[in-house]
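The first chain written gets the first letter, and so on, giving A, B and C; residue counts start at 1 in each chain.
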Amino acid sequence: MFRNLRSLLALMGVVLLACQSGGALAAKLPASPTYRVVFAVTENDPHVWAEVFGNFRNIQRALGPENVAIEMVVYGDAIAMLRDDSLVPNKVEEAMEEGVKIVACENTMKAQNLTRDTMLPNIDYVEAGIVELIKLQAAGWAYVRP
Amino acid sequence: MFRNLRSLLALMGVVLLACQSGGALAAKLPASPTYRVVFAVTENDPHVWAEVFGNFRNIQRALGPENVAIEMVVYGDAIAMLRDDSLVPNKVEEAMEEGVKIVACENTMKAQNLTRDTMLPNIDYVEAGIVELIKLQAAGWAYVRP
Amino acid sequence: MFRNLRSLLALMGVVLLACQSGGALAAKLPASPTYRVVFAVTENDPHVWAEVFGNFRNIQRALGPENVAIEMVVYGDAIAMLRDDSLVPNKVEEAMEEGVKIVACENTMKAQNLTRDTMLPNIDYVEAGIVELIKLQAAGWAYVRP
């Protein structure tokens, strides 16, 4: 019995680690949304970023936050948006609080010698942003290129 | 019998109102197209617009106008294309005559203090252009970002 | 029996011609990929092109070349990439060797008075690049606009 409890605790530890590596915010996406949309942001242009954050609000207002999953994949020159010296840290934080999943491309980070400790807190990561775009569309997500 | 006729006329009135609010041009989309494509135009760049209008012709020539539904969603800085001082009013008119549905984003209009009476005639409207893009893709439309 | 053999040879000839007109490289696409993605390249911007060629490598590394079909449709101002005076002939050649299908838009070529003998060797052609994008998305391909 004691042996089983130890096994259970070990299992819980593994689960906990898995959740941490995936990011706590991913779980904020609505459980069974009618609509799913991924934004592909590649430009280092705060004007474009402002439009995208405005899009998030308009989408959630029109469809209801519980009915739409929104993910933003940030790669290429746009990665500056998610560095800890970002021009829009508050916008990023607010979007995540509203249930938008924000994902940085680790291939881009490697190319620019960026590590996770130089990035904004609580964001999610994927190995290749471009692959995320392909996988989500294959799973039925709409794609928006701002 | 007279009563039934009045009911019929009332119903016809409702249908007529519904058609008007949807815009007369929406009905020009082909009834059962094999292909459906939505263009998302966001830039205030007549060079880009010219390419898009050329795309419409090429698509209809290649597939046959009856086999493809084309919709253009205009939002963000591109809204200038649909104002009554547009640089390309004839192109917009011609596209609609060829069966292309042209839609202005009312969120963008509000942000720029534009009202419907300052826009080109006969265009269609949606509350949020970005939501239209999501809904059409969810319904199987192809997406093109010029 | 001899008659049947002649019929068979004639049929093989037809099949061979059909394969040639489709381009030898098309056959390099994986036979039954899990994922399929089309890149729509319209800009005459070698910086954008370099990112796209980098995307191809990242996609094949992440998913395995046999699991993903990649096609690049080049039209509009981007057609300069595929002319015989291209700035990136080696990149184009390498991508095709890695199984990426590279397609030039003949409508664009006509508009710029380009003929096939002024283009890079071994690329594929479609009448209208924009129609290719619509058809591939209708067939379930993901779309990426760099």
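Note that in this section a residue touches a chain if its C-beta (ideal position, glycine included) is under 8 Å from a C-beta of that chain, and two chains touch if they have at least 3 such contacts.
Only a predicted model underlies this, so the values are computations on that prediction, with no experimental measurement involved.
Student: Interface overlap for chain B and chain C, more than half of numbers shared or less than half: same or different?
Tutor: At the contact between chain B and chain C, which are copies of one sequence, the residues are largely different (under half shared).
Student: If chain A and chain B share one sequence, what is the angle of the rotation that overlays their CA atoms, in steps of 5 degrees?
Tutor: Copies differ by a rotation of 120 degrees.
Student: Roughly how far is chain B from chain C, centre to centre by C-alpha average, rounded to an integer in Å?
Tutor: It comes to 32 Å between the two C-alpha centres.
Student: Multi-chain contacts in chain A: which residues touch at least two other chains?
Tutor: Within chain A, residues 143, 145 contact more than one other chain.
Student: Where on chain C is chain A touching in the complex?
Tutor: My answer: residues 34-35, 37, 51, 55, 58-59, 61-63, 68, 140, 142-146.
Student: Flag every residue of chain A that touches chain C in the complex, lowest number first.
Tutor: Going through chain A, the ones touching chain C are 40, 42, 76, 107, 127-128, 130-131, 133-135, 137-138, 143, 145.
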